[in-house]
Amino acid sequence: QTAPIKPAVVFSTGGKFDKSFNEGVWQGAERFKKETNIAVAEFEPSNETQFEQALRRFAQRGQDPIIAVGFAQAVALEKVAKEFPNIHFTLIDSVVNLPNVQSVVFKEQEGSFLVGMLAAMASKTGKIGFVGGMDIPLVRRFQCGFEQGIKYANPNAELITNMTGTTPAAWNDPGRGAELAKGQFDRGVDVVYAAAGSTGLGILQAAKDRGKLGIGVDSNQNHLHPGNMLTSMLKRVDLAAYDSFKAAQANQWKGGVQVLGLKEAGVDWALDKDNEKLITPEMKAKVDAAKAAIISGQIVVHDYMSNNSCKS
Amino acid sequence: MTSDAAIELRGIDKSFGSVQAVRGVSLRIERGSITGIVGENGAGKSTLMSILYGLYRADAGEIRVEGRPVEMTSPRDAIGRGIGMVHQHFMLVDSFTVLENLILGAEGGPLLAGGLAAARAELARLAQDYGLAVDPDARVSDLSVGEQQRVEILKVLFRGARILILDEPSAVLTPQETNRLLQILRVLRDRGVTVVLITHKLREILSVTDRVIVMRRGEVVAERATSKTSAEELAELMVGRKVRFSFDKAPARTGEPRLVARGLSLVDDRLVRVLDDISFEVRAGEIVGIAGVSGNGQSELLQVLAGIRRPTGGALEVCGRKVDAAHPADPAEMRELGVAHVPEDRLRQGLVPAFLASETSILGYQDREPFCHNYLLDGPAVGKYCAELMDRFDVRPRTPGLLSSSFSGGNQQKLILAREMARHPRLLLVGQPTRGVDIGAIEFIRRELIASRDAGCAVLVVSVELEEILSLADRILVMSGGRIVGEVAAADADERTLGLMMTGARAA
Amino acid sequence: MSTAPRPLPGWVEIGLMPLVNVALAFLLVGLIVELIGADPLQALKLLVLGAVGSSESIGYTLYYATNFIFTGLAVAVAFHAGLFNIGGEGQAYIGGLGCGLAVLALDRYLPGLLTIPLAILASAAFGAAWAAIPAWMQAWRGSHIVITTIMFNFVASALMVYMMVNVLIAPGSMTPQSRGFEASAAVPSMQAALQWFGIAVARSPLNLSLLLALLSSAGVWIFLWHTPWGYGLRTMGHNPEAALYAGTNLKRMTMLAMCLSGALAGGVAVNELLGVHHRLVLDFAAGYGFTGIAVALMGRGHPLGIVLAALLFGALQQGGAELAFEVPAITREMVVVIQGLVILFSGALVHLPRPWLQALFARKG
Amino acid sequence: MEEVFTLVVATLAATLRVATPLVLCAMGGLFSEKSGIIDVGLEGKMLMAAFFAAATAAVTDSAWMGVGAAIIAAEALALLHGFACITHRGNQVVSGIALNILAMGLTVVLGTAWFARGGQTPPLSAGERLNPIFFPVAGDNVIVYAALLSVPVTWWLIERTRFGLRLRAVGEMPLAVDAAGISVPWLRYRAVLLCGLFAGLAGAYLSIAQNAGFSRDMTAGQGFIALAAIIFGRWRPFPAFGACLAFGLLDAIAIRLQGVKLPGIGEVPVQLIQAMPYLLTLFLLAGFIGRTVAPKAAGVPYEKEH
């Protein structure tokens, strides 16, 4: 019989409904709640100083395990985890090397590679768009993987990249996202990959309004505009969160670093009834082959963050 | 009998906070007459008229207009009863044209086009009937003060007012403009308009009114038929003591030149040559007066002399220091040289309404001993200094801790004069020393200026009041069109010759 | 109808009225809390306890207040000169750039006793420089300072992101932040400082920057009301023509006022970077510049008032976070609503209770 | 050649799309500012309107109900602004900032309570949106035309009507208006309400025309840009309109410049391009616009004696 656990989540400043990885964690937590009937405490900080405060408050109350979402929490988590060596922390999207910390990072470049291939194969014009939120290394990792996938499938295809803004508002500006996407469509783009949080909603909507194809990110966004969503790049933060809670409940929680790529099913691309008409068997076959090659190590997708550059 | 009264006030009271501005005023103004109201600064004249016009609400009392009691809650009520007011500070929108100002509030319909056309016609008629010509399309900001005033009167007439209140209309007018105004008032009276005129100038009262009401400390203290009174009596009633109008001025004993101007000129932002080849000097121990119709460069001259604007040509020598376009001196430096300056426009330049009187009393001297040592201001010293100034110059109320804006105009003027004169300047520049100031204060201020002269200060007085120039100055320079067009010794001058020089030069 | 408005006694005007305003805001907040199904009294209790209930929460409250004091003073100094500086946000941000550059360049070579003062100076200098450009545009080109400072906020943000992502990012870092500062370059936390005197308090981000903020308040008070320059600055704010008449060089005074304002805004960087983050990070200015406007106006431009208003806003920020932490129904946006209402009632609707208070004290007096 | 032509047309269409909320806000702000009430709260009004437009459209399935709700929501904030600044003579900038913050919080609180999507409204279907009328690619919905129309209408109202005359007067010299027997507060309330009307339309445009739903903070500073446009246009409708178009155009060009290698310069940093509209504004303000003259009484509460 396992002891009842008291799990908690501290989201990043984007908030739990960011249509991105916070929301993924939230979904994982919701699933855990539903299945186990165990309450999950949660907190949405409104500025970065509240990270440490929230983590410590949860730890003091004996919440365990505690999931911290987002790379920005790494510094705060390191401090608090040292203070509470008996509490288990899970950090998503960054690494802290402590025995009581489980660090979960994703190989977004691998998932992006696959959707890049799909984009290149689906594009009739050979022009493909990418719209990011703020210009930060994480977003460039998506962009870099995407670009490699495109070139892999069609060396002649062209990628047009836009970033939304220079403040955190860039993650929440669907209007500007839509404009950026339309600007790309005007230049001949017919598939656009949105890696910009809530801004993505505007991008995908613009694709729908113009009859182009959109690619969602993080969670499966295919349902947003069936017929106009080529696919979504899945980043299974929901699984990471869910697994962490489940492991704790089963007393099997382990510290250390987990790097989740295609092999670990941490990232993937979405195929469901909403986009099955857009994916030809030929496309699917090629992507599946590439996926296998990546898993087997035949194809190595370069990680932007390994050298802060898209060239290996 | 009552039907002859255009306005009747009964027992009007009004306080601002702890100040009782008007107490128990009852008066009657006959229809078709010109009634003058005189009184010291702060006597409550403006307040009383603002109550009549609905801008302020009386704390107690009754107002009757043409026999009927009325409740004045806003100017709308007053306008509706045929009352119009020309305020001490003009109520004109600077950026509007004359026509737009005229129809504001009486547009005659939701669209402007019709109203503007009708107003243009009406303006032409008024111009004919009353001799009040103004260019209907001129922007108000481009008009002279006299013209602006005419617009104010036209506004009132345009609304068909039967009762016209004017609050110190001549304070900013030249003598010529004032004469025009008085002429207009007579015409209005002859056409049945009731006129109430507030002024500090007894000459105007005596020349145009039918009756005079004297106020002191918020009360009506006397009422006279104009024909049965005199300037001396009115002055005494206002101030509560005898006022002397002429000074026994000793002849000037002049010393070395303190201010020498050589070919001074100034071209302003709009490339107008506002000062043109001005040369003169002022010596220690004399008062030089500058006469002229306002707007002929006197203001700019004062600003150049005080260091506020730098000359574009020519040179100055101020207490031995040479100043020209290449070697300008700012006002702080001028003060350092011993130049004191009483600006023409006290509200805009001379004081900071939101400052305490004590703070205002060191404006321009804030970095001097004894107010400032080791780069720190000494608050108590400033307060003490201000109290001394107030004592010496009879500034009322004698409260250094009061906001500058709470003082009446005359008392503000006295405070500024006190500040500038107290530090024994070597050169004193004074613009319009007694504008808007009551008779008692005028007497006092002129006496002080002469005392400073006798103490060896060089004094330059700019005034549009010829009478003031004549009574103060030892030498008089006449300015016109940015030039000095003549110089006379005070002994040889009179209003007529000066007036001729001012206008004759203009015509040339 | 015709009762004369009696001026209120000083303590009512300065002391009671702001309290009434805050109380009114909370009344409305209570209503909203009730509407979303939480217990308003319980929420109020949590809010107050969250803000001042323990030495940790007091620490957080004071830490937030430190930022608000800096930005409130920044806005007030410019305001006294008749300049509406909306750019505190950007000035704080660029102040942080200066701070970061100084520490990154020096911390490995100089002792903390030298690095820290130099970094503080760099924060102030960069903040001042960022304010100097709009000031110059206002003084010499007549460009509307409200607009230019708003624009400079955006430009500051772009500049910082560029610097962080392309230049200052720590090698191998996944996130746009610089390498950590050496421990010697940290402004000691209040916990550590009090420890020197044997006083134990809970840890919090509160650090000795609070003292700098209080010193700055005193400095601003002395400067504005007790020096000839402050006198000239206030003269310009009330009546530029009179300032000109008095010999103040308006252009230079505009520069002085804005640079001082920007330098004060730079204080946020000291508190955040030297005091808390110990590295250069993005977005540490987090809206403090904007709230500073409300703080300055609520404090009526007076340093003492600003310190009090900053405490109120700090308490709201901290108590609000605790409230959101404790009550699931109350989200962080609810806290934003509370802040909005407090600013509305104690900033824009300050005169609302005046007639009632006047009636009350007229009857008594 | 044809490609260049389509690109130019597309850029112009984008300009208009981006400028539409700016133009509406600028015209609304113009009324308010002309009357002497500074409106920093355009942003908040727009946000609130955007939220209520999308929420109402989602619930009622009617875009027009959404527009109505947007206007009512913006007017409510406008009235609050008026209550604080006109009736209670509060500080106009603080009131504006407070309303912005209030709107930022309240939209998410209400949105979460009603739709449980973290402040977002459900995505709107085509039937619940205002759709393009003639050119689907350009996105020329009815509010775009309303924005274009609003400029001459504003100009006409301000320059050619009694209301406009009084409005201009009250912003320059409220005392003169009062002395002319006209109620200063009523005049200003009407100006503020007009401002609410325009801001409401702008908000509706954001959430149910340009986008298909509300998301938090979706105004992203556009209210402030509109404010800049007013000042840029020196408080005149046509020049302000020009400024809005210029902002739109700059934005449209900036979007297209991202990642492009310019001859001789190489690739310009994204951040520089993103800051370009602001930098250019600053450059123009410093270089060409010169001294700006606001309505004299703007920001000063009108205090009438008793």
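As written, the chains take the letters A, B, C and D, and residue 1 is the first residue of each chain.
Keep in mind that, in the parts below, contacts are C-beta pairs under 8 Å (C-beta built on N, C-alpha and C of every residue); 3 or more make two chains touch, one makes a residue touch a chain.
Keep in mind that this is a model prediction, so the values were computed, not measured.
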| item | value |
| --- | --- |
| Separation of subunit C from subunit A in steps, with touching chains one step apart | 1 |
| Most distant chain from subunit A, judged by the mean position of its C-alpha atoms | B |
| Contact-richer chain pair [B-C vs C-D] | C-D |
| Centroid distance [mean C-alpha coordinates] between subunit D and subunit B, Å | 46 |
| Between subunit C and subunit D, centroid-to-centroid distance (C-alpha), Å | 28 |
| Centre-to-centre distance between subunit D and subunit A (centres being mean Cα positions), rounded to whole Å | 34 |
| Touching two or more other chains - residue numbers and ranges from subunit C | 2, 4-5, 154, 158, 161-162, 165, 331, 335-336 |
| Subunit B, residues touching no fewer than two other chains | 16, 57 |
| Sites on subunit D at which at least two other chains make contact | 112, 119, 221, 271, 274-275, 306 |
| Chains grouped in pairs wherever the two touch, ordered by label | A-C, A-D, B-C, B-D, C-D |
| Subunit D-facing residues of subunit B, complex | 16, 50, 53, 55-57, 74-80, 85, 87, 91-96, 100-101, 103-107, 109-113, 115 |
| List of subunit C residues in touch with subunit A within their complex | 60, 63, 154, 157-158, 160-162, 165, 169, 171, 173-176, 204-205, 276-277, 279, 281, 283-284, 286, 321, 324-325, 331-332, 335-336 |
| In the complex, subunit A residues that touch subunit D | 15-18, 23, 135, 160-163, 165-166, 169, 172-176, 178-180, 182-183, 186-187, 198, 201-202, 205, 209-210, 224 |
| Subunit D to subunit A touching residues, read off their complex | 6-7, 10-11, 14, 17-18, 112, 117-120, 123, 136-137, 139, 206, 210-213, 215-218, 220-222, 251-252, 255-256, 258-259, 270-271, 274-275 |
| Residues of subunit B defined as touching subunit C within the complex | 15-17, 57-60, 306-308, 330-335, 341, 343, 348-355, 359, 362-364, 366-367, 372, 375-377, 379 |
